[in-house]
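In the two complexes below, chain A is the common chain; its partner is chain B in one and chain C in the other.
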Partner chain A sequence: MKVLLVDDEQKFALMLSKRLELRGIPAKVFFSGEKALAEVEAGSRFDVAVLDVKMPGIGGVELKSRLSAVDPEMKFVFLTGHGSGTDYETGCLEAGDCLPKPLKIEQLIEALNRLVPDA
Partner chain B sequence: MTGEVNSFLSAVWPRFQQTGDELHLSHYRTFQDYRQIWGMAIFVLISTALVPLVVITMIYYQLIQRSIDTESLLRTERVASNARRAVTFFLEERLAALTFTVNEMGYDRLTDPGRLQDVLQNLKLGFGGLTDLSVIADDGTQVAYAGPFNLEGKDYTDQPWFRDCLKNDACVSEIFSGYRDVPHVVVAVKSIRDDGRAFVVRATLETERLIQTLSSYKTGEHADIFLVNHQGLLQTPSSFFKGESNRMAIAVPPFAERTRAMMKTDASGQQIVVGYAYIATKIVPTSFILMVVKQKAGMMKVWLNLRREINWFLFLSALVLVVVITLTSSFMVNKIFQADSEKAKTMAMAEQNCQLASIGQLAAGVAHEINNPLALINETAGYVKDLFTLKKEYKDDPELLDNIDSIIEAVERCGTITRQLLGFARRFDVQNQTINLKDMVSDVINFHKKEAEYRDIAIHVDIPDGLPPIETDRGKLQQIILNLVNNAFQAIDNGSFLDIQARADADDRVRLSIRDNGCGISEENLKKIFEPFFTTKKEGQGTGLGLSITYGLVQKLHGNITVESQIGQGTTFVITLPITAKKETQA
Partner chain C sequence: MNDNNDRFGYESLAFFGRVNASISHELKNVMAIISETAGLLSDLSDMASSGAPVAPDMLKDCTLSIVEEIQRGFSVIRQMNRFSHSIDHPVESVDLMDVLDLSIYLSSYLSFAGKVDVRPYDGPAPMVVTCPFLLQAIVYQSLADAFKKIRAGSEVTISVAGSTDEKGWKILFSGFGPGELEGFPDALLKTMATSIGVAIDWDNRADRLEIFVPMTIDKGSLSES
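Up next, the complex of A and B:
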């Protein structure tokens, strides 16, 4: 399975990608929505996108709709730093899987395996 | 019993009159001066109620006064006119009788001895009031006399009436005592003897009859009616003017053909109504002036009594009005005061609630800020754990060290944020201290930095380094700035800007303006913007307390807050604060 990981917290994103790699899931990391979108628009294909909800520029929820427009097959998992009660969370819950930060890696793996079962 | 006394006292002297109770209102400068409202209400109500009442009464009094004056003048004039007719008739009747006698009998028969006595008898029978009768030759010697006194041969040349009579064919003398020392009046007519010489027939009239006639016109004890001569000497007794001088104490009225009446003031300063008439018979004028004098006070007595009653009624009505108005005003103002007190209490509570809420908001913000480094710690620690569990070659691995450094760095980040949080929270209960406004603004902006970044909001802070530090309550100022920046963030769209500017102002004040280019506030809402519970947000999204609390806080710091806004252009809040702290003026 090919994973697209987008988060403006660079170290966090890199660390997460390393942990995924250790578990045999390669992830391509981007630090902003714009760059990720450009990559997908340029023709790269991913099975699932793991997106941080709150980012400068294009946020996670918006990025999801724009990525979907390019690649309707793509599945999505959101990461959020907000505990509760914000519009970001509402938006992201409507959008699909939403995992709180700090993250339990098992939850992410489980979500990825559920969204892309044949990998 | 004491409870009733207390409730009565509180009705008359309500709580807002007591200064101690204003303590918990002192935070809110918008509250009124209740004593002034109370005083104004009483003044306005009493004047609108009493002035027309008093004015109407005055006008009524004036009208009554005027009509009484007119009425008493008319009445006095009527009495004088009637009395004049009576006196004139009295004199004319006797003059006519005398003329008839003289013309009928002639000089010779009249001077027949004993004849005059018969004539006197007849006249006495016919008219009465005659004392004696005499015939006087043109040289003044009395040639015939009939009467109780033996006055034959008396010389009347010097008597003024005698001379008058020779001149005017007839005369009426003044009342005088004459040779007999008895007050009497002389009427005389002149005739011509056969030899062409003149002679005079004289009759003495008892004044008693005249006085009786006059007093029959006297009405009541406040009226006086009498005769005076042209010099003002009393001719008949007066009940008002007595004494040695025998003189009327008011000026002799000017001559008038007809009866007249007028208002005068007598020697003792009392108002009197004077009616008078110059008495003249058809044949000859007399030296009598008929005087009718009435004391105005006496005539007014009934009216004055009525007026006293009206005055009492007026006074009692005014008293009742004043009492009712005072009690009502006290009651109403007390209601307002109580309502305002309640509002102030609610505001104070809401302020506290909001303080707590903003601490909560701050804590949530900080928690979010901490979340990111925590997530990183989590991942890094997880990765290290992964290395231990999933890979065998962890020993002497430089990557491991790097990752441990990464953990330490993340923990430091958390520490910084926690310190900031603690520093911020500690400032809530601090009293006046010296503050660098620039530092404070950047402290507050820090909490919004992330959101500003996400929403692409440009924050310009323009505070000169030379701005004098201000002495104020740190926590409250921080909350003011935080509230206003929060507000601005809610009003502006992504990609807008926020301008924060501070300048030293005149009068040792600092002026801080926070300008955004957000949606703006309508003029109508601008008026209500500092009112508690006023909000344009949807129900449940805003309490409507933020700006009213901000207002209260600025007031507490002895500052001012103003707002200017235009729809679509943006909003500017301007706060001016004193550089040196003022002492709280609480007792």
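Up next, the complex of A and C:
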């Protein structure tokens, strides 16, 4: 399973990627939506993207629609530090799986395995 | 209570809510990092228990990360406490540089926050007698709008200068391109500013935002507005 992980909280993204790696799921980390989008536009392919909802510049929900335009097969999981009311406002819940921060790694693994069952 | 007071009450409360939302988001980020780091330590501990080698540097990095995030959390809580106390006295004597300092801290928790450079004031502390909470709201909202409208990667420069008529101080925001902040502020913020004698003007020639703060507020103006 190839995972794209995008979060502007750099330490969070790096710690999470290490924990995924220890579970046999390598993740390519980007700290901005713009750089992640450029990577996919340049031809990199990922099975699933794990996106922070609120980021400076391109936020998670907009990033999803732009990544989907490049790769319609890509699946998505959102990470949010907000309450449920704001999640509805940002469109996070309508857009797909939405996991709250602080995160339970088992929930993320379960979502990844569900979205990409053959990996 | 007349319509204006209703509106100021709601706007002030809305400002309080916006700031608290951004603070809680910042604290959630801190907790999320601590949680992930603790999770990684637990993973490494499980590895060590099963006999797999664990690099000591990873343990050291995790510990350092937790210490740094706890310090970051304390810093956020300190600013939250300063902000909470800004409403203690409706009118009091405040140092404009303190108001700016707190506004910059609070606005840095916004997801779209940009870079700010505050020029130190060369002289005695620029003191005003004002409503610190409303002045805080005005400066914060000005910064938030500046972040939204300024070119990506640009820096907002803030300085304080005495007004030419010596009746107050000017807080000057620069670093904008032509017309970038034109149209700011909206009617509600303008009315809030007027209620404490503050005037917000966009200087077209200098592409600069000027916030005039009078030396002393008319103490009756808050309740009469």
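What we mean here is this: the second predicted complex is superposed on the first by the 115 of 119 C-alpha atoms of A that agree within 3 Å, B and C clash if a C-alpha of one lies under 4 Å from a C-alpha of the other, contacts with A are read in each partner's own complex, and residues count from 1 in each chain.
As a working rule, a residue touches a chain if its C-beta (ideal position, glycine included) is under 8 Å from a C-beta of that chain, and two chains touch if they have at least 3 such contacts.
Every value quoted in this text rests on a predicted model; they were computed, and no experiment measured them.
**Student:** Of the partners chain B and chain C, which touch A:30 in the superposed model: first, second, both, neither?
**Tutor:** It touches nothing on chain B or chain C.
**Student:** Determine, under the contact definition given at the top, whether A:9 touches first (chain B), second (chain C), both, or neither.
**Tutor:** In the superposition, A:9 touches chain B and chain C alike.
**Student:** Scan A:55 for contacts with chain B and chain C and give back first, second, both or neither.
**Tutor:** Once the two structures are laid over each other on A, A:55 reaches both partners.
**Student:** So which bits of chain A does chain B touch that chain C touches too?
**Tutor:** After superposing on chain A, chain A residues 9, 11-12, 15-16, 18-19, 22, 54-57, 59, 81-82, 101-103, 105 contact both chain B and chain C.
**Student:** What residues on chain C touch chain A, complex-wise?
**Tutor:** Those in contact with chain A are residues 21, 25, 28-29, 31-37, 39-40, 43, 47, 65, 69, 111-113, 152.
**Student:** Of all residues in chain B, which touch chain A in the complex?
**Tutor:** 364, 367-368, 371-372, 374-380, 382-383, 386-387, 390-391, 406, 410, 453-454, 456
**Student:** Quick one: which bits of chain A touch chain B in the complex? Just the residue numbers, please.
**Tutor:** Of all residues in chain A, those touching chain B are 9, 11-12, 15-16, 18-19, 22-23, 54-57, 59, 81-83, 101-103, 105.
**Student:** Okay, in this complex, where on chain A does chain C touch?
**Tutor:** So the residues of chain A touching chain C come out as 8-9, 11-12, 15-16, 18-19, 22, 54-57, 59, 81-82, 86, 101-103, 105.
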